[in-house]
Amino acid sequence: MTNVLTATKPPAMQTPIERNYLDVSGVGKAFRGVRVMDAMNFRMAKGELVSLLGPSGCGKTTLLRIIAGLMAADEGAVVLGGRNITTLPAHKRNISVVFQNYALFPHLTVAENVAFGLRARGTAKGDTAKPVAEALALVRMTEFADRPIAALSGGQQQRVAVARALVVDPDLLLLDEPFSALDRKLRETMQVELKAMLRDRGITAIFVTHDQEEALGVSDRIAVMNAGRIEQFADPSTLYARPNSPFVMDFVGLSTRLHGTVTSHDAGMITVKTAIGDLHARANFPVGTAVLLGVRPELVAPDPDPQMNSVTVPLRDVMVLGSKTVLHGVANDADRVLCELPGIRSGFSHGQTATLGWSIEDTLVYEVAG
Amino acid sequence: MTVFSRHGVTRRTLLKSSAAAALGTLAAPSLLRAANAEIVIGCAGSHTAWMEQIVAPHMKSAIGADILFEGTKSSVNLEKMSSNKDRPYLSVVQMDDPVMIQAVEAGLLTPITPDAVPNMTELRPDAVHLDGMWCNYVQPWAGIAYNTDMKSGVASWGELWEPANKGQVIIPSLQNTEGVWTLFAAAMLATGKPFSEAQYEVDAAFAKLEELNPNLLTVYSTMSQAFNLMEQGEVSMLAGNFSSYTLPRKAEGVPVDLAAPKEGIFAMPSGICLVKDGPNPELAQAYVNEMLGAEMQTQIADFATSVPANTTVKAGAIVPDGVQIHAPDWAFVAENRAAWIDRFDKLMAV
Amino acid sequence: MIARLDRISLLAVPALVFLAAIYALPLMMLLAKSFQGPEGTGISAYIEFFSDPYNLNVLWRTIRVALLTTLLALLIAYPTAFAMARANGIWLTVFLVALVLPMSLGVVVKAFAWSILFRANGALNEFMQWIGLTSGPIRMMFTETALVVGAANVFLPFMVLPIYAVVRQLNASLPDAAASLGATPLFRFTHVTLPLTLPGVVAGAAFVFSLSISMYVIPSLIVGERQQTMSMLIARSFLYLRDETLGSTISAILLAIAVAVVLFSSWLAGRLGARQ
């Protein structure tokens, strides 16, 4: 197991190899003649926790399998810790994988599952007891050591899968939708636990997930993938506050969406004509450009100041969720205004008209096909 | 059950006799007894062709009965009779003489009488056995079948033993009736005595038979398979085969013929009998009467190249000139058969 | 107890009655006969059977042929089952048809077909001489090798299908998991794939062994009367020797072997499956 002293160094102290610890460059892949990935480039530093986030079919699992060596890339290179592993078979890469269904060996006990990687590496049977016990202690599964896999709950199986992956001291840990089989409450607990464990031990890990909340919660950085390429690769707050495309804006969190056309452009400020009035945003688009405006719902509030963007819309729905209240305003068929207010707010009701507003600086604007 | 399933029953017979085939091996099916115009005949697998083409249509018009038949080995017919002794479902059985003797001993048969079966009076005297317990109807003759592409004839039973014929011979198992011909031929060759005496020299016969081992490709219990191998040229000679099988094949243009070796040929002991307490006794008697009558004898003897037993009939197989036809002491065979089979199997084992 | 009896379990009643009437009862009567010799009740028939070297030879041949048949069928079936588990659509159909269709063809027809292949001037001998492997025809018909090959051919589906059923249920990510944990292909096979498919192998082997040890038509057609097996001895005893005691005795011995194999394999399958 990794010594605590080798845990992540601050980026400034890292060597170039550590900064580009995993370097995927120019990777492409086709299945039966259909290109699913083209010229993929992906870099991460040692000790980072990164998520590959995207809808199913976006190529995130393909990328994970190429990195793990479970699938060969058609072209491009994979370098890990300065070592080119592109053509190395999976069993020689020292990259552990936690599978979506955990892939625990049903014919082995918990302890035998955890010992598998050590045995496969030639460790004598007698010498596996200590590291296995440590790994099981780490995931708090010590008392289950001799149980059969079938006797474990989903959460327990996940802990065993993590222990099995970590006991071999991998250079990289890949986790494929590791929480998707757990119920919501357990999922959140496990996310916090796992992140702390990986962080403490300085493990470099990639999570593959389609769940944006999970990605935001566990990662240092998130690569949002769509149709075989990375749309945006950034830390969670940048990704949320400044998504670089409508896809990212929609995939990471919810937003107000308003389509319109630029009617004037002056000193980095544009005026956009929408179905529910003129709005302003900081951008440089020529007059006549079709654009999509967006704003995160918690930045929208009722009774705006006069210098803010302001719209009056009928409310289609008012959701009181306890910690927050969400107002759903209708602009037209495709467009909506979302407003999220902290706590339980009264005074809004379905069918009523509300005036909502937000700061011009918070307005996101993207050029779209006319 | 597999014992019975491999004996060739054609699709048509199978359909017609499906009830009998399905239930016949278990117990006497009462539904057959209820159907008045049907009788079940036990016969040999090699009878299938003429039973289907000649006998069944004839019986339908002559005695108004539907004929269901099960073609199998004589020994299997005996087993069917004895295991259904209390409730027989077979009315008539056509099987070989040595097995007839066993059936008589087991009390499974009822005599054929001239009153009920008038045609039996026209048979050769030697075709009626034990006061009518069974009769021979048509009799094929047995010799050595050979592949005419490989040999021009078989002059002597001794040729089976010749070193030049290593691996070129197939003989029947003693389980099959035709298996005894090789044994008797061995007895004649070993002792040099005439057949009537040689047939009792069993030890000498077995000693001679053991010498045949190097020349044997196999010992068959399913004749059609062995015959096919000879037709294909895998072996040149098939000992003990008989006119009702070889000669129709020859007539079809297959390169085979039946040789009559100089030491003599044998009369196949094809018998017909009435099952004791069998269903529809009157129909059964009428069936036997027809089988022994001139019309059936003529047709079957021609079809199966056999010698008719009815003295008024001039038809069937031409028995080779100047070659003696032997008929063995079947009582002696029946008495010793089980011991011989055991001895034969151990002797010929590889 | 009656009240607590699962009603669904009543669905087994027809099968139980059927088996009791058609299988168990006659079998018990058969077994009883084996202990009734001419000199009264006892095991004299068994002593007599085992003191004849010919019978021991037949017994050993029967077991040897059954073992070799099982082994050959396993060697062919195991990879086939994996290929089938990978196949889908039209290919799976092709596999299944290729496997099941020959079962509808009688053994007699197959035996005739094999003779075309195996005889001295048959296809196989001609081919081996053509490629220069042999200089003259080799005798292949009526040999034990031909019997094993033929029996394995007939019983192959009974080996393939149980293994296929297990392989198809195999979680495809298990070998991937093993690989990512550093297991070489050989280690993956010996420690993951093989132990997980072993229950199918045990079931298939039990099927094929039981069928091979009791086969009658196949050996009587392929090796003939000179290389008898236990089933041929049984038929001979009942039909030709008319010795019911002997026939029952041999049947009982054959049954004992089959029961032992079935019990052993279900114990083995239970042990292998218990942890899953």
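Letters are used for the chains, namely A, B and C, taken in the order the chains are written, and counting of residues starts over at 1 for each.
Throughout what follows, contacts are C-beta pairs under 8 Å (C-beta built on N, C-alpha and C of every residue); 3 or more make two chains touch, one makes a residue touch a chain.
Values in this document were obtained by computation on a predicted structure and should not be read as measured data.
Across the assembly, the mean Cα position most removed from that of subunit C is the one of A. Relative to the centroid of every protein C-alpha atom shown, the closest chain centre, again from C-alpha atoms, is found for C. Once the centre of each chain is set as its mean CA position, subunit A and subunit C turn out to be 55 Å apart.
Between subunit B and subunit C, the centres computed from C-alpha atoms are 35 Å apart. Spacing of subunit A relative to subunit B, judged by their CA centroids, is 86 angstrom.
Counting only residues that touch two or more partner chains, subunit A has none. Note for the complex: subunit B touches subunit C at residues 2-3, 5-6, 73, 75-76, 79, 102, 167, 173-175, 216-222, 225, 228-229, 232-234, 337-338, 341-342, 345-346, 348-350. Subunit A makes touch with subunit C in their complex at residues 68-70, 89-97, 99-101, 103-109, 116-117, 119-121, 148, 150, 164-165, 168, 174. On the side of subunit C, the complex with subunit A involves touching residues 171, 173-174, 176-185, 187-188, 191-192, 195-196, 272, 275-276. Contact residues on subunit C toward subunit B in their complex (touch as defined above): 54, 57, 106-108, 111-112, 115-116, 119-121, 139, 141-142, 216-217, 220-221, 223-228, 235-236, 238-243.
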